[in-house]
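By written order: A, B and C. Residues from 1 in each chain.
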């Protein structure tokens, strides 16, 4: 089946894909030129326009400093869409490498690496990420965003290491690998020709399932001001800033939160559809169900 | 005996994780960060204070000496002084931790008593109305950031409907804490108030017999607890549904039916028990998630627990509090994993053998 | 064998069982007639996918969710149990009909002690099937001696030690013995054994077969023995039914079927036995594999694999003919 027929075969998969692609397109346009999408400046403070409720002029209303919330949401998209991909990709890369070495070399190396992975896996992820990025970013406010990304990669890679290791062990036990060895292929060739292609598809499926969680994790970091430094708008931070204007001005915190939710729902739907397609029996990938 | 060996192994693993966290935190502050003294002292510290801190934490010694002091200090309860509250961190943890533990336990209990029956029912009728409804709900709840759940409840139930209070663990007028639990110290022959249960607002009010405080504490806990419950709601349901379906397809269920047992006995005694096994593991994961979700939820509801305290320490760069809090939360998480592991092996005899 | 239905333990008439597969109904059991007399052992032989296991599950009322009895009657001691409501079917299981499954590794509850699982059988026999038995665990009854006795009967040494163990601590053979001990405690009128020795090694298999024979003699129960192994069935069965693609292609006394098979499929089965019964012939196997029940061939289902297939076999499904106490469904006769 081609990718197109797979997509059309499931409504959840299609809905997820539309949301994901929609956000990517919006983020790219916003990064190129925000003026194409909105007439307002995301950072221009004008107290005359403060706390205006949602209307046709201001779709999401204005915040307590008179900035258009819709414009700020759009301005936040380039960062907030791209960063979860970077975190997922880097985590998969690092975790994948560790898992592959662990599974392929085996023995003491495997034992050591897996113990190390288990320790990381047992840490309270969000809190650790918050602590890492707060402490490292304390003296370098401008680089905080990078520390936050590193922090999220630090707490996220172990799952990939586990996943890839178990997959390597499984594939390594297959008869055709023994055959390939007998045929005189080197370790690296076996890895490149047989093991990596097998693992790659699984990792990609897992990334789509993981993206929603990463989006939530990152939004919590941003909520505590550990995302991109001001004046760049951050969805999570907008929610936090909006709290002070409650209960009169609910829109300046609800709409950014809604946007984050929609981003995560896209991946949730896509992941769900993909899993149904790959495993119709519906075995749940149980992991950090919360947080 | 298998069980003792298993527990020993798990405890060793738990200690390793705690030690790992200590190492990580130490390297983070004392090695990776550019200026450890100012981090320990807080952003508004004067040069004299930094001087004192440098001496106090042995920051001029080589890193391994510093590490030894750090570990020794941690295990002797010397967790530094919060620059924000000007109070020893350990006292703050004693005050705030029980509040959040109580909240997390309440939300976990709520989750379990709502979600497991739903999961069993959807497992008995896969792809029925209930099953599909839960599936859709879970797609959304697992994608909603915890602050949005809390925000929604706050706006609707507190500000709009005025059904529940918007902030604080208990009405400030009623916030009287009388010690109830006491621990006997055989060396001094004295009784000391035991902070752990005394600092839980609901439990304390109940034990002291102050029913207006109890009602108020319960009332104030509802929204934060509900936020934590709704966050990721459906995860346990989906899991128990899947394991129920799996259990019902096992041969031993056929044997139980072939024996002539009533269907409800088959389900309760044979299927349910086995299908609940994976839920035990997930519960500890969810408990850890709730404790971390409390950071956001307690901030929104001004619920003065560990989450609120940690969030404040993040925002105000109160590093000693943040670091000790991170390690303490790790310990809580590790203990809850440990409890789940032990519980699992008590229920499932097969696990004991595989160690 | 002409008997009135009152003397029969089990009488199956015109039974059709279907599965709902890929959006349509597919028949796994078609047009089955089967009599099991009191104390009689009837063997059902066929390859995997022949519908023999589905037949067994239909009789005990444990068909999977996506299947149903679409036609026919199952008379247990003269009463049609297909008419019994689903929530009352349990009354016909256990003390009336009991079943032993293929995989002893998974047929016992992994989280319950052997003792408790056997206690349940005693509870059922003494009429305690409901809530009173306790929700999570059966109560520790005063039936310890009976449990020990049943374990001794199936040749378990140190029964008092074994009964305090969990299933995973026992071997496959031991677990299948536990299942037979359960039958001793339930004292059913009909025992269905669905490939009870397939998952076991040869020596354990022989022991379990001996225990099943003893069980039958001791309790005087009727047995429906289901297997793909003609030799095994020949050891224990009085009569044999050979099934192919959901239909009974041949039925008769065990020795007659084995000595002089009539249906080409039965002949194929007998010829593929490596050693023993038919020495003069070479070991042969039946070419091809049994058909998918979603795509049954026209006419006789066996025609694509039959060396003797005629044109009639493709156009017309053969009727079952009665020939001197034997039944066969083939155009050759």
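In this text, a residue touches a chain if its C-beta (ideal position, glycine included) is under 8 Å from a C-beta of that chain, and two chains touch if they have at least 3 such contacts.
All values reported here derive from a predicted model rather than from experimental measurement.
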(message) Using the definition of touching given at the top, classify the network of chains in this structure as line, ring, star, complete or other.
(response) line
(request) Please give the pair of chains with the highest number of C-beta contact pairs. (result) A-B
(request) Please work out the Cα centroid separation of subunit B and subunit C, and write it as a whole number of Å. (result) 53
(message) From the mean C-alpha coordinate of subunit A to that of subunit C, what's the distance rounded to whole Å?
(response) 54
(message) Taking the mean of the CA coordinates per chain, how far is subunit A from subunit B in Å?
(response) 24
(request) Would you pick out the residues of subunit B that each touch at least 2 other chains? (result) none
(request) Going through subunit A residue by residue, note those that touch at least 2 other chains and give them in order. (result) none
(message) Residue numbers of subunit A touching subunit B in their complex, please.
(response) 12, 115, 118-120, 122-128, 130-132, 134-136, 138-140, 212, 215-216, 219-220, 223-226, 236, 239-240, 243, 246-247, 250, 253-254, 257-258, 260-261, 264-265, 267-269, 272, 282-284, 286-291
(message) Could you list, by residue number, the parts of subunit C that touch subunit B in their complex?
(response) 60, 62, 87, 90-99, 101, 103, 106-112, 120-121, 124, 129-131, 133-138, 166, 168-169, 179, 182, 186
(message) Residue numbers of subunit B touching subunit C in their complex, please.
(response) 250-252, 254-265, 268-270, 273-274, 277, 347-350, 353
(request) Provide the residue numbers of subunit B that touch subunit A in the complex, in ascending order. (result) 13, 16-17, 20-21, 24-25, 28-29, 32-35, 38-39, 43, 139-140, 142-148, 151-152, 154-155, 159-160, 231-232, 235-236, 238-239, 242, 278, 282, 285-286, 288-293, 295-296, 300, 310-311, 314-315, 317, 319, 322-323, 325-326, 329-330, 333-334, 337
